[in-house]
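Written out below as structure tokens is the structure these notes cover.
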Amino acid sequence: MTHPISRYPIPDLKDVPADVRERILAVQEKAGFVPNVFLVLSHRPEEFRAFFAYHDALMEKKEGLTKAEREMIVVATSGANNCLYCVVAHGAILRVRAKNPIVADQVATNYRKADITPRQMAMLDLAMKVALRSHEVGEADLDAARKAGWNDEEIWDIGAIAAFFAMSNRLANLTSMRPNEEFHLLGRVEAPARK
Amino acid sequence: MTHPISRYPIPDLKDVPADVRERILAVQEKAGFVPNVFLVLSHRPEEFRAFFAYHDALMEKKEGLTKAEREMIVVATSGANNCLYCVVAHGAILRVRAKNPIVADQVATNYRKADITPRQMAMLDLAMKVALRSHEVGEADLDAARKAGWNDEEIWDIGAIAAFFAMSNRLANLTSMRPNEEFHLLGRVEAPARK
Amino acid sequence: MTHPISRYPIPDLKDVPADVRERILAVQEKAGFVPNVFLVLSHRPEEFRAFFAYHDALMEKKEGLTKAEREMIVVATSGANNCLYCVVAHGAILRVRAKNPIVADQVATNYRKADITPRQMAMLDLAMKVALRSHEVGEADLDAARKAGWNDEEIWDIGAIAAFFAMSNRLANLTSMRPNEEFHLLGRVEAPARK
Amino acid sequence: MTHPISRYPIPDLKDVPADVRERILAVQEKAGFVPNVFLVLSHRPEEFRAFFAYHDALMEKKEGLTKAEREMIVVATSGANNCLYCVVAHGAILRVRAKNPIVADQVATNYRKADITPRQMAMLDLAMKVALRSHEVGEADLDAARKAGWNDEEIWDIGAIAAFFAMSNRLANLTSMRPNEEFHLLGRVEAPARK
Amino acid sequence: MTHPISRYPIPDLKDVPADVRERILAVQEKAGFVPNVFLVLSHRPEEFRAFFAYHDALMEKKEGLTKAEREMIVVATSGANNCLYCVVAHGAILRVRAKNPIVADQVATNYRKADITPRQMAMLDLAMKVALRSHEVGEADLDAARKAGWNDEEIWDIGAIAAFFAMSNRLANLTSMRPNEEFHLLGRVEAPARK
Amino acid sequence: MTHPISRYPIPDLKDVPADVRERILAVQEKAGFVPNVFLVLSHRPEEFRAFFAYHDALMEKKEGLTKAEREMIVVATSGANNCLYCVVAHGAILRVRAKNPIVADQVATNYRKADITPRQMAMLDLAMKVALRSHEVGEADLDAARKAGWNDEEIWDIGAIAAFFAMSNRLANLTSMRPNEEFHLLGRVEAPARK
């Protein structure tokens, strides 16, 4: 009854283009295992490259939102989109980045109950509206975020992360992408495996 | 930023009726801590008694569904209702009962992706329809469950558990019931704290 | 084309446990007939006991909301959940308790159009949110109820009644529980049959 | 707390155009009272004329659906649209036309539980889809109705009645049209007041 | 793969009642072609008459809303109801009436992004609520429209047009009414074919 | 009342990185104007690069779906997401690619009514489910697409395009991206301006 990691074939590492392979080996070196999203998307190298370039532009950025805040957006919107891969994998990253073993479960299930700041709550209010009813986003929504202390470049980041994972959640649901078992525990106990 | 365990006051254990106190002490003895639902509902002893009598009638029953299957229903429908307390607390119990550290995360986020049997999938299909669109439940839904191997008494249990947690989720959301931190880790590592 | 009163068997009165039988006979004595919910649930005595203990704790309470107000919550939320049994049976009880032959039809179809007080309207606003989107209930909702004159214990009652009938509606829809024909007319004409 | 019959002014009968007045007097003669929809729409004589011409073309037609079946469509779709006026007024007409004191309450709350024929159930399945998701109506829906015994002209009637009351429900909700108290009881007791 | 103009037969012009034929010839004379709605509804002459009498009462009225504003309501609500005929046909009329080649595409897709006045935006806010959630329309919605400069008779028009096209959209979806190809281009280029 | 092309500043062409500028000049050369999405995203060069790399991987691919079919997916899902920019801009591209002046209006409003093949209809059924309820996509959906003649690599494309524009629609709604006026007419008249 254990599901495979993708509905699609996973190529042998030796058969993927060198840059894709290097990225995969680098993440393995850093995390201790290869998150399945790298393997699943390696079936399409060109899309793999664009996906991770986009991902890094939004998630590895240094200014503005902290990395934990970026992951909160991923976890909250992925929960709303019922995306198993992203809730579990980014839930783990959120725990590690926030050094908080319970916040990911809170944000994934109902961010309104999470132990976060009012500013982060306003961030998630906006992100969830972009995720679920983006056509209704208007100046009032942006003003609420501004009032909570976010500037317009940060607001772009909030919305763009919600948008990027709207795509990512749909790809994961389409391919039935399975999270690595390591993610379920990562960041829940004292010495996380991740550096 | 840490939320209290309830919007309502929690009575001192010495001030609650003896039978309520005994139940609380018994669960503490067994689990090693007092799940917050016992404390939150002790604010209303009469409702406390009826709640746990109903809970036990549905969740402690020996025939038919296994205890793990009963918890799967709780976790799947509580995820759909965005109930933090029930997803986290019953997620832990599901992990313990199923001796499976990852199934609760799967069921809570998207049961269609869970490592469960087709019979359990049919059980959750019915439970989710009772939880979300019970007025549309008809003979076709019952027939699908029967075809997957469930008899009519088991179907009552499936529906009744979904119904009971429709109530429970709403009470938890109303009182803003906070799950004990212990639950987040319980059943995820090899030797669970629970006897 | 007349539907039976339940999808499940109804036990003979002589075969049910004594306490269940006594409760059934008592309600028959008082109402002049046995509301079908008693018969349908007598198929499961343990659940019967817990159900009515919970029901009575919430619906027979003397302080706070009037009995008519409690029934308004039942009728409004059962209408939203398309539960035939509860709309018809509790609609009758509401007419009797409120001594008002039309308010139940109003509340069941669209409570916003009902001839009720602004305080009762605020009560139903909160009850409907608990019934339909409990995960979004927040301090603003409670403040709106408080501003309309409800205290926090009354707010618990409002939410708990909505929650209990979230369960009850699902049980009635699952079992396809049929309201007694008597309920359709009860309280609509000058001398209601009920004492 | 009693709501007026309309948000808009009701003209004096002597001030409305003769044909409108005659229609109002005729219905009063026949029913014993003037249903409020005639008074509310007399504020706009031109719309009044078109409304009732359309209404009569669909509801007074002799071939195909019985008059009771036409009213079933009105009551089911008006329940789904939460239109108090139409549920109560057409519920009364349905009781009278079907000579059945309880079918209107069934159809208004959940037509799936009503004591109607499978052919009528298929009629309401189609009507509800036209009312709620008409853009998804396709050949499969028409085929289901045909299979239940409806011909294509009858299918037009089913859909057109659902469509007309989609309009009517919205007008009643906009004007906050109040049903006459007479309707609540009409057709529930043995000798209905209507000829 | 080209769809017919209706699921139902279109009568020969010589076979329809004289008044219906005259109306059809008049519109052909004026527009240069016969919009398919006239042909599709001529299958039911009595309904044809009521439909266009109602249509004209709402859409040809001189006071209050401009003709372009009336068409904006049609296009916005028809977009929300996914009605191909009305979006395309009334989109064309809106372009002609507003002398604006792009506003119909804006209003049909997301009126919040349209180049319209705040007063027109408030008009569409109300019309969309009547179209989609009329049971929730309350004094606060009317007050918002009044604050934007609409009087109560204009508000009736706004709501009545939304209601009429709730019907019209459902009829068009039921009959699978196909817009004339002429409409797609009408009003987009400098010298519209329409006089 | 004319909206700007973005809520965010548009950099001077001379201030953007050379590769971004070259891409913009190339599209201008080819199309005769610069589609606003290039200008709006040039505010964020790194995201611009990833966005168009991803876009090209999915939309410029030669095997499998035709370019017109790829645009159908964009237009249908963007209509469902109420994204003005994508409906108008990709509607134009669809008209040009399909050499069909009306299909984009059909697909944007209700693809079920479009003049497309059954195979394309199955393609859009799947794309819309990925766009709107991706967590429910299962083997039955893939089988329906396969039965209509799509292979698994084409199914990835269908889903990935729906997913990419789930992101794109949200970015456009967040930035309030305005379509160039040229798009509204492009491909509607005989000699489209596009080469």
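Going by the order they are written in, the chains are A, B, C, D, E and F; count residues from 1 in each one.
Note that contacts are C-beta pairs under 8 Å (C-beta built on N, C-alpha and C of every residue); 3 or more make two chains touch, one makes a residue touch a chain.
All of these numbers come straight from a predicted model, not from anything done at the bench.
Considering every other chain in turn, the ones in contact with both subunit A and subunit C prove to be B, E.
Least step count on the touch graph, subunit B to subunit D: 1. The interface with the greater number of C-beta contacts, when C-E is set against A-F, is A-F.
At the interface between subunit B and subunit C, two copies of one sequence, more than half of the residue numbers in use appear on both sides, so the contact is built from largely the same positions. Distance between subunit D and subunit F, defined via averaged C-alpha coordinates, is recorded as 44 Å. We define each chain's centre as the mean of its Cα atoms; on that basis subunit A and subunit B are separated by 28 Å.
The geometric centre of subunit A is 51 Å away from that of subunit D, both derived from CA atoms. Residue numbers of subunit D whose C-beta contacts span two or more other chains: 82-83, 110, 135, 173. Looking at the complex, you find that subunit D touches subunit C at residues 1-3, 79, 82-84, 87-88, 101-102, 105-106, 108-110, 113, 115-117, 173, 176, 178, 181, 184-185, 188-189. The part of subunit D that touches subunit F in the complex is made up of residues 135-136, 138.
The part of subunit F that touches subunit A in the complex is made up of residues 7-8, 43-44, 46-47, 49-51, 53-54, 57-58, 81-83, 130-131, 134-135, 137, 142, 152, 156, 159-160, 162-164, 166-171, 173-175. Residue ranges of subunit D in contact with subunit B, taken from their complex: 110, 112.
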